[in-house]
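Heads up, the next two complexes both have subunit A, just with different partners, subunit B and then subunit C.
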Partner chain A sequence: MKHVSIPSGADLGALYRQVAGDYPKFFKMDVLSKLGFLLTEMLVADEANRFQPREDRAVLVFSREGCVANDRHYAASMPDFPSPALFVYTLPNIVSGEIAIRNKYAGETSAYVLEKYDEAQLWALVREAFQDRCTKSAVVAWIDCPSDTVWKADAWLVGREEILK
Partner chain B sequence: MNELINELKLKVIEALNLEGMTPEDIDDNAPLFGDQGLGLDSIDVLELIVLLEKNYGIRLATPQEGKEVFKSMAVMAEYVAANRKK
Partner chain C sequence: MTKVFCTGCGVVTPVGDTPEAVFLAVRAGRSALQLYPARPEPYMASLLSRQGFNGPSFFEHIAIEAARKALAQAGLDPSGPRVGLVLSAIKGNVEQIDSEDVSLAAAAARIAAELGVTSQPVVVSNACISGLAALLQGMRMLRSGAYDHVIVVGAEVQSRFIVTGFQSLKALSLQACKPFDAARDGLNLGEAAAAMVLRAEMPGQAGHDEVTAPDGVMADTDRPSLWELVDGAVRNDANHISGPSRTGEGSYNALKYLLPLVNREQLAFVNVHGTATRYNDEMEAIALERAGLLDVPVNALKGIFGHSMGAAGILESIVSMQACDAGVVLPTQGFSELGVSRPVRVLAQEMPTSGTEFIKLLSGFGGVNGALLFKKGGAR
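Coming up: the complex of A and B.
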């Protein structure tokens, strides 16, 4: 399976210009969605028929802190003028939707908030996603970002055969 | 009016995170929404409503009203000039 990661504290704007550069909405995303977007770009950039709509690919994002970094920004804006742009990222599952929208994936999208990084639990949940017989591959990501500058961000592109072997 | 248009462009670029864009990149009369011009979306409308209230004391009653006001930078500047409270 293909694996990519983004080092904690990396310049995400520079990385965006390097691996994508054609999706200005990136700059409106919270750090969780930015990391999910970039990890997926790194995973699938070389695929044939990129952006061809497909229903056989799932997006499964796991984290511990969810979207807490953005929640703090939104909470800070509330006494003055609550920001609609921050509000839309106050759900930890938005990242999986952003990835699906960008890549035209219409398969399962899920976001799990786990107590801690638990490899066995994570891959058990991934195997569950392949039980529908429609899913042939999945973008799987562990993205834990307690702040805008500190994170653990890893992603894998996995196929049905290697998960259900 | 040109000064106000430029000021609004700077505020819009900052409020909407229009990375890498300068006031010169925004045509005064180009539509702000839809496929042409800036291509802003419905969340951006809400951010622009907040921007008007925060900076100029203008309260728009509904997002629909915003659609008229935010047709272009020139239209927005005319509205701000006529209705600003600060």
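Coming up: the complex of A and C.
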């Protein structure tokens, strides 16, 4: 299966210009969504009919810390002016929604929080997601970013056949 | 496919601490919604009393209490390796963000330890559909064959973090919310915890022969029916991270996945999300029309509980099972005049039903939508 990763602390703006460049909404995203967006760009950039709407691809995002980096930014904005632009990113599943919007994926999107990166548990959850009869492939990501500058960001594109073999 | 049954339920809500008490409160239209003072503006919410509580996390406290009640009803010892735990939560301990490890993973580990669960817990945090997605996750774990029982627990407590956030989005109503009503003007927040114990049908079982209720709880002839969680789906609108789809895309697609499994003659009602925001309720009406469900009774429970976020999917499903067992479709508290563009059958008054199935519907930020089909599985 195809795998990509983004090194911790990488310049995400530079990476965006390299792998996408045509999606200015990127700059409004929190770090979790930016990482998910870029990982998916790297995974699917060369797919045929890439932007054809589809319901058969799931987006499954895993982490330990969820969206805590952005939660802290929102909490910091509360005393003066609670920021709606920050508040909407205070959910660990927004990244999966951003990936779905960009790529027109109308299938399942789910966000899971695990105590640690545990390959056996993560892939068991991915296999279980394929119980949905409609799901033929999935973008799977482990994106754990306790802050805006430190993260672990990996993603895989997996097909039903290879995951259920 | 392995059948999945609910063998125990537990709830912690401001209107009652057992499924039966909560059902009666909803039936009587008794909510705990009230206006709480706050700066810069007050908010209407359904909150739990903290009286007598002095532990580190009220969120974990209510989750544990709901799970324990469900375990007691199921008569299940949770310590075996084939008992799983799924936690549904959105913001968890966020009010301690400045001082503590507020990760939902840490909370789930503490909840598992307190309950005596020895398997690795999983947290489903899929915005406002978390409870429904967590139930679906529990079903999948059972169907994978790795578990015999899964405890699914959802909980949410309110905080300045959440209240100011929804205020900043101008999504809150200062009145008790009015789902699907012409005068609806926003949602109310709520606190609750709710849990279900799910069990896989054992090989050779018909699904309803080996379940024993705790001794002395009920006479044999008076036991409620056993409920089956048939299947569910999660679908994204692929449209906007905080605005519901104008075509009800994800909600319709989730319903569409379930429709071949539904016995329309037996479908008692659809219990919708019904937050009472202008856009959510309109979106759901469009999705119901596209799914051909305009003739099916529809109700929403946010006018009683407010929006209990991580608990909502589980709590509202438990109340819906109670209603179906009692042969009624519950009214939609706060609703009087239809205020959506499609003629959905939202009920202001209770009505009788002989139906044995219902659909639970939810939607959330991130463009995510979920639908789950429940079916009465036989005598318990």
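In this text, the second predicted complex is superposed on the first by the 165 of 165 C-alpha atoms of A that agree within 3 Å, B and C clash if a C-alpha of one lies under 4 Å from a C-alpha of the other, contacts with A are read in each partner's own complex, and residues count from 1 in each chain.
We adopt the following convention: a contact is a pair of C-beta atoms (placed from the backbone, for glycine too) under 8 Å apart; a residue touches a chain by one contact, two chains touch by 3 or more.
Quick caveat: nothing in here was measured; it's all calculated off a predicted structure.
Student: Name the contact category of A:G13: first (subunit B only), second (subunit C only), both, or neither.
Tutor: Only subunit B is touched by A:G13; subunit C is not.
Student: Let me test your reading of the model: by the given contact rule, A:K152 touches which partner, first (subunit B), second (subunit C), both or neither?
Tutor: Once the two structures are laid over each other on A, A:K152 reaches no partner at all.
Student: Which partner, subunit B or subunit C, is in contact with more residues of subunit A?
Tutor: C
Student: On the A-aligned overlay, A:R57 touches which partner chain: subunit B = first, subunit C = second, or both, or neither?
Tutor: After superposition on chain A, A:R57 lies in contact with neither partner.
Student: In the overlay, answer first, second, both or neither for which of subunit B and subunit C A:F27 touches.
Tutor: In the superposition, A:F27 contacts subunit B only.
Student: In the superposed arrangement, which partner chain does A:Q131 touch: subunit B (first), subunit C (second), both, or neither?
Tutor: A:Q131: touches subunit C, not subunit B.
Student: May I ask you to decide whether A:G107 touches subunit B, subunit C, both, or neither, giving the answer as first, second, both or neither?
Tutor: second
Student: Per the contact definition in the header, classify A:S83: touching subunit B only (first), subunit C only (second), both, or neither.
Tutor: In the superposition, A:S83 touches subunit B and subunit C alike.
Student: Shared contact residues on subunit A, subunit B side and subunit C side combined as an intersection?
Tutor: 83-84, 88
Student: Could you list, by residue number, the parts of subunit B that touch subunit A in their complex?
Tutor: So the residues of subunit B touching subunit A come out as 16-19, 43-44, 46-47, 50, 53-54.
Student: For a test of understanding, state which residues of subunit C touch subunit A in their complex under the given definition.
Tutor: 90-91, 94, 97-98, 102-106, 108-109, 120-127, 133, 137, 140-141, 143-144, 146, 160-161, 164-169, 233-242, 249-250, 253, 257, 364-368
Student: Would you pull the subunit A residues touching subunit B in the complex into a rising list?
Tutor: Against subunit B, subunit A makes touches at 13, 24, 27-28, 80-81, 83-85, 88.
Student: So in the complex, the part of subunit A that touches subunit C is made up of which residues?
Tutor: That would be residues 53, 55, 59, 64-66, 68, 71-72, 74-75, 78, 82-84, 87-88, 90-94, 96-98, 100-101, 103-116, 118, 121, 124-125, 127-129, 131-134 of subunit A.
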